[in-house]
Amino acid sequence: MKRLDRLSLGGLACLLVLVVFALGSLAGAGGDPDAIVGPRLRPPGPGWWLGTDNLGRSMLPRVMEGVGTTLLLSSIAVLVTAAVSATFGIIAGYRGGYLNELVMRLVEVLYSFPAIVLAILVAAVLGPGQVAALASIVLATIPLMTRLVRAAAVAVSQRDYVTSAVISGARLPRVLGRHVLPNVAGTIAVQGTYALSVGIAVEGGLSFLGFGVQPPQASLGVLIQRGGTYMIAAPWLILGPGVVLVVAILAINVVGDGLRDQLEPRETRSLT
Amino acid sequence: ATGTTTQPSTGPQAEVEPGYLAVADDALPSGGTLNLQVHIDSGAATGYDPQLADVATTWQLLSLAYETLVTVGPDFSVQPLLAEKWETPSPTEYVFHLREDVSFSNGRKMTADDVVGSFERLLASKSVWRGQLGAVKSVTKDGDHTVKVTLKEPYTPFLAALANVPAAVLPMKEINDKSVDPATTLLGTGPYVVKDHRQDVSWTFKRNEKYWAKGKPAADTLNITIAPEEAARVAALQNGSAALATLGNVDSAGMLAGAGDVKVVTQATTDFYYLMLNTKAPASKFADPKVRQAIAIALDQRQIADIALGGKGEPSAVTPAGLPGACDPAALPSASKGIDDAKRLLAEAGAQNLTFTLSIYSTQPAPAVAQVIQQNLQQAGITVKIEQMDEAGWSGKVYGKAPAEFDAALSWFAGYADPGMVTKWWNPEEAGFNVGFMTPDKELNALIDAAGKEPAGAAREKALAAVCAKADADAQMIPLVTRPATVAFRTDALSPSLYSTEGYGNVLRLVADARVKKSQ
Amino acid sequence: MSLLSVRNLVIDYAGTRALDGADLEVAHGEKVGLVGESGSGKSTLGSAVGRLLPRPARRGGGEVLVAGEPVFDLPPAGVRRLRRRHLGFVFQDPIGSLDPTMRVGAQLRLVLGRGADVNVHLERVRLDDPRVARAYPHQLSGGMAQRVAVAMAMATSPELLVADEPTAALDSQVREEVLNVVFALAADAGTSLLWLSHDLPAVARRCDRVAVMYGGRVVEHGPAREVLGKPAHPYTAALAGSAPAAAAHGARLEPVPGRPPVLTGPSPGCAFAPRCALAADRCHHERPDPVRVRDQEVLCHRAGEVTA
Amino acid sequence: MRLLMWWSGRALSSAATLLGVSVLIFAAVRLMPGGFAETVLGPFATAEQKAELATRYGLDQPVFMQYGHWLGTVAGGDFGISMISRQPVGAELLARLPVTAELSLLAVAVSVLAGVPLGVLTAVRARPGGGGAAGRLLSGLGVSVPEFVLGSLVVFVFSRYALGLEVGAWVPLTQDPARNLATMVLPAAVLSVFAVSVTARTTRDAVMGVLVEPYVTAAVGRGESPWFIVRHHILRNAAAPVVTLLGTITAYLLGGALIVEHVFNLPGVGSYIVQAVGRRDYAVVQAGVLLAAGVFIVMNVVIDLLVGVLDPRLGVTAGRRS
Amino acid sequence: MTGDTPGAEAILELDDVTVTFTAGPPLRRIRLDAMRHVSLSVAKGETLGLVGESGSGKTTTSRVALGLHRPTSGAVRFDGRPFPRRRRELAGRMQAVLQHPHWSLNPRMRVGQSVAEPLAVLGRPVGDLVTEMLGHVGLEESFAARYPHELSGGQRQRVSIARALVTRPDFIVFDEAVSALDVSVQVQILNLVKDLQAEYGFSALFISHDLGAVRYVADRIAVMRSGEVVETADTATFYTAPAHEYSQRLLEAL
């Protein structure tokens, strides 16, 4: 098994730190994220190490809670997306025919909706909240992933090793599970990281437009949205969550790239 | 209510003259273009018919083109506008003497027929404002320039109610011969006429050349840009593409600190936030008045004002704080009780582990207010779940069904210009919009009606105090804090006039006085 | 001075030694066949001539001289100049070697320079149909595509053409035509040819000299008919005896016994020793040095004792 | 002839997609809580007023009748009347389309002009194992900064400090092209940051895929310079996935435009749809989404054609391999 | 000309099989007969060589023989019966070694796993069979832990041969299975095929355009040309006295 490269390992370490951060919030470290602990809009200082927000709440536990909310929400959403896309993409790609046509048409319909409009509609229909945010992210990320998984599955299905497995008498689940899936896994992993960043962005966008997670719960999107209106008066409100968000997405992407390079060992060639 | 405040309130906004946050500099030349930005366009299926307008943003817009017989001054005194003067021969009779030099913007002179016709049209309409005018018995003209209104019974807020846009004088001749549809066309006696409008993008007004007041309006053109995103309005102020903008964030002053020529002022208003507790839902958690009283006690209005509104609001009773004659919120029965009383009341009602959902819309500062409420009530062992929706979803939930399905909801009332006016909304049969969640209280209704008849003075204040106390005990709609309006303008581009306190949510009330220093 | 001279070249891929001290000389105008089992390092050696190795390849030692210039020590621009002046390459996958998005004529023109007569060059590889120049590679048959590739490689009349199994992907009928074209063109231009192939009979028929590779080294090198007719290295002997086409019907061929080596570092002795019937003790521990047997140069401790 | 068949096939599947979108958006809009009546008429509206409004916009009929009627009028080019402005939706959309189109086109242009060279460069310089830490971080950074953050930041900074570009003062293109461009540059830049990253990445992947092709090795073997190989062999062969990506990016940009328009207060289609959703202005939401879907579908047809031209093996008109 | 039916019991019979491909957009489909009235049979224990130029329909014939493709018309019988509805019933009884060395192995599976797969499908224990099979095809035990991209083209094809042989099937299709191998390995594989055939008695359809290789392993030879079988004959007869004019031309090129 090849190891991830150093950059990806760094990204993984960042993600781990964030997860620990989020878990710490669950354990109550950093304090109650909803409690009003001090004066409004105070810069970082003892008692509120990342400053206080416009309701006099300490930002530290809020950022910690926000990381947890956002990571959890987007990860679950991406897992759902990956599961759905992999299932439909692989079956459509392998089977072809009318099934393929139907899946692709449905995907295209979803695809034709601008993601954020889709998210707004979902949030409006389901009522804002975590479920809506989750469903929005899933619906926003499914089309692209399904498409790419299907394309990859079509190519893989024509490979001789798949035919050989079929000749050996392997049943459909085995053919799809052992031969097609692992060979589109790279696509899924790469798209998954892409979807994860899209998910975080969609969550943020929804919060930005007022459809995100419910107060007083913090998510990175909510914090950044609120913080954005205090950019000058209280820059620490956006700085903390903003840095964390960028680091999180960056780390996810770096890990995704590394994962892809590992899953799809590619030879490179120099042009000189 | 109880609790400790974490930060002293910042106190009233500095005034430049009694009752004024800013006074336009008459020495400056008139003319020029005034660029404004507001957060929302007025948009209603009923169109621009002033009589049907029921939200402050629409009133504000229509006030540029329409005028009423009387208006309110900086101290909420009623002042002449289209009526030069008036007499009240008896508590039920009002005789208005109209200005003779007033024309509609199409050039036609305004007559007593327009005034009478407007009254009759309003009284025959479905307008909510009918209720605010009291019981009008008759409207007659007495010559071309005199109009007499007779009430069935004395009604003290009558003149204050006449000062708002729904009571504007409409061009009745044109409306009657159908040459003008007030739903789509703005044709009034006001300082400006519409030149262009793109829904949700912009309005352009130009001065009404036929305007009766000499030297007004000062600015030739008014561009109103609709910018829903606060950051965009802040940006426009900073780079000078807007000379004045309304802001939603109570901390905007900090945001604009250091942006050289921008001045941020907070206009106090009589509007106030209130909490609705739905007693009509099946198995309502709030059926027992003790539960509602406990909530009223546990709420810390001062903390809400200080934290959620950054010290810019004031605790209010049913009569809006800031209006002459309003009752003192500190004197309310719930204000003198403490958390332990609230807990005791809950225990008596058997509702120790009360949990309920508070439905709010996502526009700031509603979420901030809701979160402070949540913290307040937690002190009394009440768990509040906040459910945040877009405004449409929220109004569907709150007003869409009868009986309504929500537990509790947060909203605000425009406080108007007389302390008795808004108290009417505590009578659901009269208000209409709250029949779905509010159970009528006969005693309270009787007190409200009684206060309406009482002429101004100590007796009225007593009657109003009784209303306040009764509403406080009823606690189906619990007044919280007044709702400040934040206005920012560029001192290098504009010299505006602004009241310190506004009753009808009209930031643009004095825009005809505003002097443009330089045009962008 | 020979045109190509590979001296003790060592090439490692991550974890695998592909060349373990290979030596090869190609003189001007010479046709040299490079044969050997799969994995013996033919392609690696062929690519090393033009420094065309894939990224993971590392040179562990030795050198490659083309027209006297050390290929691995030249700056990038120098290598490019060397390739343009002296070298041509033809690869195994005929259609893949052509840019799929460009018409054949355009590709040739790109190599030949503006204003060159594409058709002349196509005719030289016996593609007379004018439609060929207007076709896209995927519209050609494998044989046609390979002839286009040959035309492109030979367009600049290189001094050395390295052909890495140019006919492996083609039908037996088409093979001959393509080879005929390659050899005819090379003869006309006086180009030396390094032909990597599995087809021993064809190599014997067409080449002047042949080099046999095993375990990353050239184990025998000499005139083609001599090497393949009277091998001096046990491996060559085994290889020559195992072409199916040579067998009479019903006869059983004996392939080289055992498995080809997989080297991770330098071979301690002779890489063939584990499979060699003649292997002596020192064959396992002592790397053989070249010895001359008849006209052949052989890497074998017991070279003299082989009888084909 | 073959082309004709291809077109009819595409037209059919596009129509199916549009139909699907129409059903979905129609259903979604009607499922949204908060009736049009409370929203459009306000809390004080009486039952009669609500009923009258419903009758006026045909909202009292059974849903499938409404759908059928809507579909019929849309097919006739009539997108209905906005409940808020009481103006035809089609005209308003048309008036707003240029803003969004300009924004998206600028953003696409930026992403291609910046993303493709970046991608090529990082691919050609890539080390074994993915490499190019700087390039990876850079392209990762682009996708990490959501446009609402970047947008707010840019709006703030550029309005606070005179940096030569205006924000919050949009001018129609027809009125003053130069000033219009000056006000559009920043929103387009914000919008394109994500797209640049994705383009760069896709380009890098595509180029790396091409780099190992035998014809590239052949070109290297002929002694061609890297720049020559990139220009003549790599760009076109790597173009197909990048061009295909543009379809995705368009869809993405339409969504992103919505937020950017909101932040920069540009009167485009995106902000129109957001406001309409907020007010349950059914006709506008339906028409807006249908328009976005239509643009997206047309864009993809164009891209398919383009890819066919770029890679003759995939082309509609290409002959079969025999 | 149609295929003769030898006296021995046939494992596979193609009876007047035609395969027509349709391609292209609707309404303007191109019809192409990849196989035209082909009749062939492979007796138990026999190796049938199938030769012909590129595109003559060899691979299509193999796909039909493997039950991967349903013929447009005509009948296919395996072991005397038509193909069962569920492939599973034939699991382990037929295998194939396919044309493309690059894609013949799942790049995500180690060599050992690939070779063991047909056993796993059958639920049979693996034991030392994998190592043994790898040894048979001339690969060290250590190869079991490698991934396909770590192998040369020849090594890869040996692995897929090991995989095909591991269940000791009744019938194996070799579609250009040795074309990509170097001669010495070719002989190894061909010998292996012959040895294992002698040992286990499987039948084989051996497809190649290399007449030398076919001659080495096949008992009978069928020649295809543009979808039709033009000649079927015993190997000895064929190489000494080809009947069809096309066969004669093929032999000349050898």
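Each chain gets a letter, A, B, C, D and E, in the order it is written, and its residues are counted from 1.
We take it that a residue touches a chain if its C-beta (ideal position, glycine included) is under 8 Å from a C-beta of that chain, and two chains touch if they have at least 3 such contacts.
Quick caveat, the model's predicted, so the values are computed rather than measured.
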{"item": "If a chain touches chain B and chain D alike, it appears here", "value": "A"}
{"item": "Furthest chain, CA centroid comparison against chain E", "value": "B"}
{"item": "Interchain centroid distance [CA atoms averaged], chain A/chain D, Å", "value": "21"}
{"item": "Distance from chain D to chain C - Cα centre to Cα centre, in angstrom", "value": "53"}
{"item": "Distance from the mean Cα position of chain E to that of chain B, given in whole angstrom", "value": "87"}
{"item": "Residues of chain D engaged with two or more neighbouring chains", "value": "32-34, 127-128, 152, 156, 160, 212, 217, 220, 262, 277"}
{"item": "Residues within chain B bordering two or more other chains", "value": "231, 389-390, 392-393"}
{"item": "Chain E: positions in contact with at least two other chains", "value": "none"}
{"item": "Touching residues on chain E, where the partner in the complex is chain A", "value": "66, 68, 87-88, 90-96, 98-100, 103-109, 114, 117-118, 121-122, 149, 160, 163-164, 167"}
{"item": "Complex contact set, residues of chain C against chain E", "value": "16, 36-39, 141-142, 168, 171-173, 176, 198-200, 238-239, 242-247, 249-250, 252-256, 258-260, 262"}
{"item": "Residue numbers on chain D that touch chain A, as the complex places them", "value": "13, 16-18, 20-21, 24-25, 28-29, 31-34, 124, 126-131, 133, 136-137, 139-141, 143-149, 152-153, 156, 160, 194, 198, 208-209, 211-212, 216-217, 220, 226, 229-230, 248, 251-252, 254-259, 262, 270, 273-274, 277, 288-289, 292-293, 296-297"}
{"item": "Partner chain D, residues of chain C touching it in the complex", "value": "50, 52, 54-56, 79-85, 87-89, 91-93, 96-102, 110-111, 136, 138-139, 149, 152-153, 156"}
{"item": "Footprint of chain C on chain A - complex, ascending", "value": "267-270, 272"}
